[in-house]
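Following: one structure in structure tokens, then a few remarks.
A, B, C and D are the chain letters, set down in written order, and residue numbers restart from 1 in every chain.
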Amino acid sequence: MTDLFWPGDERAGDLLSGAALLTAMVAVEDAWLGALVDAGVAPATARQPVGSLVGPHDLEAVARDAETDGNPVPGLVALLRERLGEGDPARWLHRGLTSQDVLDTALVLAVRDAVDRVSEELRAQTGTLAALTGTYRDAAMVGRTLTQHAVPVTFGLKTATWLTGVVEAAVSLRAARGRLAVQVGGAAGTLAAATELARLQGLADPAAVTVDLVASTAATLDLPARTPWHTSRGPVTAVGDALVTCTDAWGRLAADVATLSRPELGELAEGRAGGSSTMPHKQNPVLSVLVRRAALTTPQLAATLHLAAATVVDERPDGAWHAEWATLRDLARRSVVAGGQTTDLLAGLRVDTGRMRATLEAADGTDAEQHSMVELAGGEPAGDYRGATDLVIEETLSRAQAYLQELA
Amino acid sequence: MTDLFWPGDERAGDLLSGAALLTAMVAVEDAWLGALVDAGVAPATARQPVGSLVGPHDLEAVARDAETDGNPVPGLVALLRERLGEGDPARWLHRGLTSQDVLDTALVLAVRDAVDRVSEELRAQTGTLAALTGTYRDAAMVGRTLTQHAVPVTFGLKTATWLTGVVEAAVSLRAARGRLAVQVGGAAGTLAAATELARLQGLADPAAVTVDLVASTAATLDLPARTPWHTSRGPVTAVGDALVTCTDAWGRLAADVATLSRPELGELAEGRAGGSSTMPHKQNPVLSVLVRRAALTTPQLAATLHLAAATVVDERPDGAWHAEWATLRDLARRSVVAGGQTTDLLAGLRVDTGRMRATLEAADGTDAEQHSMVELAGGEPAGDYRGATDLVIEETLSRAQAYLQELA
Amino acid sequence: MTDLFWPGDERAGDLLSGAALLTAMVAVEDAWLGALVDAGVAPATARQPVGSLVGPHDLEAVARDAETDGNPVPGLVALLRERLGEGDPARWLHRGLTSQDVLDTALVLAVRDAVDRVSEELRAQTGTLAALTGTYRDAAMVGRTLTQHAVPVTFGLKTATWLTGVVEAAVSLRAARGRLAVQVGGAAGTLAAATELARLQGLADPAAVTVDLVASTAATLDLPARTPWHTSRGPVTAVGDALVTCTDAWGRLAADVATLSRPELGELAEGRAGGSSTMPHKQNPVLSVLVRRAALTTPQLAATLHLAAATVVDERPDGAWHAEWATLRDLARRSVVAGGQTTDLLAGLRVDTGRMRATLEAADGTDAEQHSMVELAGGEPAGDYRGATDLVIEETLSRAQAYLQELA
Amino acid sequence: MTDLFWPGDERAGDLLSGAALLTAMVAVEDAWLGALVDAGVAPATARQPVGSLVGPHDLEAVARDAETDGNPVPGLVALLRERLGEGDPARWLHRGLTSQDVLDTALVLAVRDAVDRVSEELRAQTGTLAALTGTYRDAAMVGRTLTQHAVPVTFGLKTATWLTGVVEAAVSLRAARGRLAVQVGGAAGTLAAATELARLQGLADPAAVTVDLVASTAATLDLPARTPWHTSRGPVTAVGDALVTCTDAWGRLAADVATLSRPELGELAEGRAGGSSTMPHKQNPVLSVLVRRAALTTPQLAATLHLAAATVVDERPDGAWHAEWATLRDLARRSVVAGGQTTDLLAGLRVDTGRMRATLEAADGTDAEQHSMVELAGGEPAGDYRGATDLVIEETLSRAQAYLQELA
């Protein structure tokens, strides 16, 4: 899978592809059917794995049918039943679920895979950035504020600020991942159909049986159980916000790389620059450009998820829910792509410490603040003007280390 | 082409698909090469149609290569040259162009096709809405404001307000379409390479030759010529804004249909309602739901186009441009899909004038305003309270008629 | 009026202030009451100018009361009636109008004033940019694409691209201004109350009388008349889109100024740079920074206007309308401020043509494209490589001239 | 403080007003000056409280001066120094800080106050919703999905879904509040000026002294200390996202109230409905309308904060930072207002359980799903069809209780 309109899209591979979503929807149906049988709600004769009944070749048909009912689940259920043929598996499939249960849980599964990929990128970036920070902690360069030369910094301090963004994003993303839960509520969030079935089968405390069904389905899918969230879309907006927090962190560092790669600055360069279709000499900071691209688009996608959450009505919404799917897909895939590009960007970054030093030395006025301080307090200026750079770096590295250890 | 995450996507068919963009890019290269030869800038031996050299089977490779240079054009040019083999066509292909020329012009071509489809939908809707307005101009119903019963209106007046939105959107879209122009500026908007070639070939007034090259390329592609707009993205934002204006108009009427389809209101119903995966009786207003979905997402896409336009820098931008492509694709395809759904929705709309009348008659207080007026001015209340409904309808229909006649 | 959170806000003065909106609302009531009397719908004894009855000192109370009814009009009408005392003016005030009529028309009046201020800025910028383009049409500098050195351009060509953005924005804004119309529809868009009053007064063809009332009110307020647009929000979104198109154009040029003001580039400087609270030497490109700020925020405000338009329901909406007011205010004021800042920025711009030339001469590879062309076509490279720069500039200046002449 | 364009704004009182920000900025200067003296970095003679030196009457002048330097801090520092007169307090004021330190920390203080107000509202809402859920846990009503009647629910289940949204938002907001930290980094995040002063005063380990200065300033202001976050804007985006999560939760329940208040549904009513300027009988769900308004606007404001975070460059940004202030102010104030309106809305909510029951009983097909289950499993339908409603409610109430206990 790739996308001519989004160079680098193939980095996201099959994550949140149509096929992945289809597979995940079938996995949800499969887990639920298994749970029904295991609990004695459905008869043993209803047990049949359905995972292999549909595949990528069915994607087009299922997608095309989805407009009829507004979502792909009824068509998928019909197709699965047709393939199951007469008999209990077909009769019991999907009983107790509503379309939103299947699609939400499938989306959660698919998004979680993307989140995990993003987390791997963040972890790799943390390692690279910690190493860069260690290597360049003393590499003096001019600090720039509002585009102008300010006071000296070191390149290691700069990468420490990048690192802070990356680690904080990783922590947010981990928290949001924890909220990705199973969705099973039935038609209106009451789990009534499943409960009725449990009762009709003579099971004691049918409502409790139903809650257990949800729990065991969740366990099969390795998801947390929780009460239905058909109309409380916090899990969706939280993961959206966390992914945008990642692209924020990457966009911020890519802006630095793009700026410092300008020939007039020349302090950084991408390891593998891109070419021009007409200018043979060009060395474009392509990864930075593509990361910046992503970071310009994702905040509005996350805003769409919030708008959807805020316009939910009734027991299941009339359009707000439907607006989430492609939005979440695009947001997650773009995050994966930008994450991979940032990892590569950092791994290949070329640092010209000589140029940094030369620019700092040639810069006007970067000692002006220090002179003000000397004038104020008397005495002689220090030989350097690095302040607490080392301590800031140390604390940043400690936080990064703590994050990496939690992962270990 | 379809999209499991966006039910109805197949309505947009191949519009702005990867294949369509690829075809359009090749068409741009073809038109330019032809223009070079025709003008005597390239030798006659360079003439060779390139349109058939690549096809959908090349899409994956071209897309995959696009990350290297940040856009798909260098890879495409390399592929075309490889297929052209040694010789003048390969040597002269793309000379004078930059990647952004090819991609922008191709996007314009692809977007224009989508705009034309949307325009057809708007035209069909205008006809349907004019007919509905005529049919129901006297069908009394309760007017509702801030969700509460207000004063009487007619259903024809309501459809007239829908019609106003549709016609105004159509007018905006037509204006934006007219701004979709060819993009040829060369590496930095100076057309220097083409001019140099013209000079080297001994042509008089080489700069003028170049401007003519742009004009003839534009003519071949049936686009207006204009000065380069690498960094002035008005044509892109204008079409984005116009498409959102369409989804606004559709979202507004879909909100009415969804509301009036509630069983407690029951004044409208979709001709073909969607089902539920668990509730056999459900008749969901699926088209309204899907149109509302689109309308919740498109404003943020258009905002992204503006953000891209506003963060352009230098002679060609470093990420802002790249953010446009997929955004424009999604915005245009969703507009086509929502447009078609709205057309179907209107064509199949079921109107229950009996229910409308009954609700109006049973409503409390819808004569309160009239009584205030009678109390103020003395006299007897009129038998109806429709005010200038007829005149408003007439004027709306006249505007719609004028729009349709301009199209004819 | 100023805003600590938005430096420069005082440039917008009283435009769209609470006081300005209050004044405009009263003007609408006044115009309508006058029209009622003039048409014989209200008795001559109802004539009384109400413009001076409330003033800025009432603002706090009117604003505070607005929550009760969800908008400030009912409270304002009650206050006006109280001040009018017993008698016909109080009895006839506001008859035939609904709150949305008054507030929409008042907003239109207030926004129009802001649009006119923005248009003045655009006109001034057009003049300055045309002059800069003329002055620097031959001032060679390196063209930069994707942050890297590309081929030569001139600074006049760069300002011509800025000019294109400004002129196109001005044309869009003028079109949007033309759509700012009076809003009079009465409770549900039927003009029923006014029509009933006309009938009760024995006037012939009362619906036509009402339409004339709208027209004469519009004329008094110097606005176009049109059918009610309570639920067709095209006039609002159009002006929002046009204002964002302005901030796009300014953001784009401010990005160039901020970049080219970097000490390492040093080709441009703001005439009056801002200082730092701790670094005495700093010369920050403050106007560029503040313009960029605005351009980052306005696209989302315009998106909110579209979302509001798209979620309208019924004969008057239940929240969507209310979301427009502050959004439009902020968008318009920020446009005025950014417009003024851009005008000053351009007027004071310092251009270092020596630095431009030196950078171009020192740049690597800016002749690489030309060499490719020479290699392709044979012959000797031209002494310059400016291509059709002159023709592009000429055409841009002609368009700017045409725009200025239409204004004259 | 109130806002004619945003009815209800006065609920936010002075939160994030210009005066509040001014006071907070002075508090930051005061805390820092005190810390400098306490640490022996500044002489004892520099100690002077500055909190009372400026007041609301200075607001206009400070705001007006802010454009010169792009932010209000340099002007404020100059004013404070002028009022301090000659001497050490004036000489030592602000030494070691940069404008962004003062403004960011002041914003954090001001936003924290707003967050605390929102948290109080959330707490009150939690109590009210828990009570409503208890009261109406058995109040049967029809569940609605995609606007259509589905299966039975209870009103207590519906309020439990509202409660879930509110509690989850409260948890997010508490987490974001914890990230609101002091900002002290000096000109470029190195704390160099403060460190230099400590060194010049002969203090041992001057960098460690500086870190302690930050800690003690933070302690004075009751904020967490942390490394500088000039360019890592996670604390800002996190609080923005959390506030939007609140308005999402409120918008979602307000949509239900507005819908269920429609006369045709009539299941809910606001305790105190708003009137119309022309229709005496109207009972508009004004609070719901105003809450929905807010929820339509805040996602785009939070997106702006992310865009700002993602476009940060250098050691302090060139426009991205400036875009945050008013955005954060508007987002926070609107959250406070909508929070208070929601609290009132819930406290005054009128529930018509008779109408709920009647609608459910009259609804077609709400037993269709149950019949399918009976048909599938055999046996007799249960007398009710409430499924696990009780268990879902119990779990929701437990979560709410746990949240309230953590607060206690």
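Rule of thumb we're sticking to: a contact is a pair of C-beta atoms (placed from the backbone, for glycine too) under 8 Å apart; a residue touches a chain by one contact, two chains touch by 3 or more.
Note that the coordinates shown come from a computational prediction; the quantities given were computed from them, not determined experimentally.
J.: Using the touch definition up top, find the fewest steps from chain B to chain C.
T.: Counted as steps through touching chains, the separation is 1.
J.: When I count C-beta pairs in contact, which pair ends up with more: B-D or A-D?
T.: When the contacts at B-D and A-D are counted, A-D has more.
J.: Of all chains present, which has the mean Cα position farthest from that of chain B?
T.: Centroid comparison gives D as the farthest chain from chain B.
J.: Please report how many Å separate the Cα centroid of chain C from that of chain D, as a whole number.
T.: Centre separation, chain C to chain D: 30 Å.
J.: When the centre of a chain is set as the mean of its C-alpha atoms, what distance in Å lies between chain B and chain D?
T.: 37
J.: Please tell me the distance, in whole Å, between the geometric centres of chain A and chain D computed from their C-alpha atoms.
T.: One centre to the other, that is 24 Å.
J.: Can you pull out the residues of chain A that are in contact with at least two other chains?
T.: Only 70, 95, 98, 144-147, 150-151, 186-187, 193, 258-259, 274, 276, 278-279, 284-286, 289, 295-296, 300, 303-304, 307, 311, 318, 369, 372 qualify.
J.: Please give the residue numbers of chain A that touch chain C in the complex, ascending.
T.: Answer in residue numbers: 144-151, 258-259, 261-265, 274, 276, 278-286, 289, 300, 303, 307, 311, 359, 363-365, 368-369, 372.
J.: Spell out the residues on chain D that touch chain A in their complex, using ranges where they run on.
T.: Residue positions touching the partner: 70, 91-92, 95, 98, 143-147, 150-153, 157-158, 160-161, 164-165, 168-169, 172, 175, 186-197, 199-201, 207-208, 210-211, 227-234, 237-238, 241, 244-245, 247-249, 251-252, 255-256, 259, 295-296, 298-300, 302-304, 306-307, 309-318, 369-370, 372-374, 376-379, 381-382, 385-392, 395-396.
J.: For a test of understanding, state which residues of chain B touch chain A in their complex under the given definition.
T.: Those residues of chain B that touch chain A are 2-11, 16, 18, 21-22, 59-60, 62-64, 66-74, 77, 94-99, 102, 186-187, 193, 254, 258, 274-279, 284-286, 288-297, 300-301, 303-304, 307-308, 311, 318-320, 322-323, 325-327, 329-330, 341.
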